[in-house]
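Per-chain numbering from 1; labels A, B and C assigned in written order.
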Amino acid sequence: MDVPLGEIWEIAWRSLRIAGAATFLAALFGLPLGVWLGARPRRGGGSARVVLYAAMGLPPVVVGLFFYLLLSRSGPLGKSGLLFTQTAMVMAEAVLAFPMIAGFTAAGVRARAANVRRLVRGLGGSEKQVLTTLLWESRRPIVAALAAGFGSAISEVGAATITGGDIRHHTRVLTTAVVLETRKGELRSALMLGLVLLGLTLLVTAVLVVWGERE
Amino acid sequence: MIRASGLRKSYPGFDLRVADLRVPEGSFITMLGPSGAGKSTLLRLLAGMEAAQDGVLERRGRAVYLDQDNIVLERNVIDNAVFGLRLMGVASAEARRRLRPWLARVGLAERLRQPAAKLSGGERARLALVRALATEPDVLLLDEPTQSLDPKNVAMVEALLREAHTRGRSVVLVTHNLHQARRLGEETWLLLDGRIVEQAPTETFFASPRSREAKAYLAGEMVY
Amino acid sequence: MKKLLALFWLFALAFAAGSMRLATTTSVNDSGLLEAILPQFTVESGIEVEVIAVGTGQALAIAGRGDVDAVLVHAPDLEAKFLREGKGVAHACLAYNNFVIAGPAADPAGVAQAADALDAMRRIYRSGALFISRGDKSGTYHRERSLWRAAKLVPDGRPWYLESGSGMGSTLTLAAEKRAYTLTDLGTFLFMKDKIAIVDLYNRPEPLMLNQYSYMVVNPKRFQGLRSSAAYRLRSYLLRDDVQQAIDDYMKEKFGQSLFHALHGKCLMEVKP
């Protein structure tokens, strides 16, 4: 095996951290936006949803290229020195996860908004209580949204390569490592890394779902 | 007590105008009318859930509105039951303590931990009703609560409503069931195309309706 | 937002301390050469080298934007242009080997019998056997195009001329799968040959096939924040006799030949700014 087991775990742990941070960052903005879009009492918001759903198909390499140009020393934020760092990867992956989280959250909240509003307002609750109730009632679709966002972040390779540079011990993640090992013809290592990636995604999704389904 | 005058709510294809209306303290009003007449909208206006475009609404005491769908949350029975009290800021343990007798009364005491979504239609209706009753509202605005329930469940719901009325609550009950309207009401309204066309003590309403529309409605003729 | 920005800065600083970035061609990285010689540099200098392995064209493009501190590439005329444009300084020739024409053992074009490299290219052209080009801006692609030009042939648009658009390892794998010819550097070929069904059909150390690796420091005057002193230290380290010897010895036992021959800073192919 070309990649020692210890390094595989190191890469997996890094992937988990970067995708986790990206999901967190995307959720920080995506959840409130999704709840707001889904909970609005009047119809409309159609164009916002169209934009979100279309953005789910954002090509990762284009997002990566955008951040490359933004963070490059010749770019507007060049002074930050962030290109080829995990921070740059987190930002790009967060942009990719954001529409998933906002879109799926909005859809889930929207499906429940009318009923919850009628119930809460009917019992004399405030509009603020409508929102907090909606948030809890939509926990399952929200968990699904987080899982989808995490999945898109951890399984992505185009933006990760362009913004991270696949630097060993720094920005090498499971996907870029799979590309490298395949390029080197080390198919056993590539396969092993791929299996770890699958297992990790499955594990995180399972944890999220179990957490979301608990009473 | 609710008093309204000059209420107006219109949108394309719909126009509700109510000149003068009173839900006196301790009254039991049954509201009749075909689908689309504006009964639910009027209830929601009275509940303060929707704003009228015109008119004055005066409400003393707390009103609750019960939807015809008997909405339950994606939670278990007890968490659904305490929801009304929790909205009012009652602590969880206290709310649970207060709901115990209510749930026992409607036969749900053994099912507290079950997801509410698994309840039958009748059980959901009972759950929705005790959720509201436990908050001890002054006015109950009910939108066809016994729609599609079997006689046993209808009897249970009616008994709860009667008891609430006996204890001084005002009730406005929308129903399509003429027998129920007559059985429970002290006063009956007939709403047609957004207007109250007849408003009378229940016995008078059924025994000697004055308007052409009320006569036709009671005779089972289409009056749209 | 301010807090977030501060956090980013902290992150950036943590990464910046005692490290530099080197953009290299994939061949020196994927062959494991850098991992064999760079740790010693880190021990001696305390400077960690972050390696970004891409094609020569991309490495020079990244460096031209100031996003790395130094490059290790293998395309003399592109290097000359890079120096001429003032983007790079302190050019140093580190090592060389040769390019190889690899292909199916059956050799339908008879490349093994070619009189010289240009004849080999002509044989492939005439036979109509599949040829896989890198199709990127790598040093190897650059050399392949020079060979076609020198042979006065235009393969573009021919049905047998395919572009892979990927790295050398992937391109060799693709060539093996398709029983096609391709041009490769010796290092990558030796590393891949046991894993895939492809053989070296034209592997002779002649001037046209010479593959020379050079190191350049990104011009410190062009960008702020470059870690140029680290880049200069790495240059001195790479040119040191013991390190040059280590480059020469790398994998010599395993393959029975040097993967990279040390140049000690003396270029075989002229790099004229």
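One rule holds for everything that comes next: a residue touches a chain if its C-beta (ideal position, glycine included) is under 8 Å from a C-beta of that chain, and two chains touch if they have at least 3 such contacts.
Keep in mind it's a predicted model, so treat the numbers as computed, not measured.
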Message: Graph shape for the chains shown, where an edge means the two chains touch. Line, ring, star, complete, or other?
response: line
Field: Distance-maximising chain from chain A - centres being C-alpha averages
entry: B
- request: Can you figure out the chain closest to the middle, judged by Cα centres?
  value: A
Message: Tell me which has more C-beta contacts between its two chains, A-C or A-B.
response: A-C
- prompt: At what distance in angstrom does the C-alpha mean of chain C lie from that of chain B?
  reply: 80
Distance between the centres, which are taken as Cα means, of chain C and chain A, whole angstrom: 35
Field: Rounded Å distance between chain A and chain B, as computed from the means of their C-alpha atoms
entry: 45
Task: At least two other chains touched by the same residue of chain A: list those residues.
output: none
Query: Which chain B residues touch at least two other chains?
result: none
Query: In their shared complex, at which residues does chain B touch chain A?
result: 47, 49, 62-67, 69, 71, 73-76, 83-84, 87-88, 131-132, 135, 137
Message: Looking at the complex, which residues from chain C come into contact with chain A?
response: 8-9, 11-12, 15-16, 21, 26, 30, 35, 50-53, 65-68, 166-170, 172-173, 191-192, 195-196, 223-226
Message: Touching residues of chain A toward chain C in the complex: what are they?
response: 72-75, 78-87, 165-168, 170, 180, 182-187
Query: Hey, which residues of chain A end up touching chain B in the complex?
result: 115-116, 118-125, 129, 133, 137, 140, 215
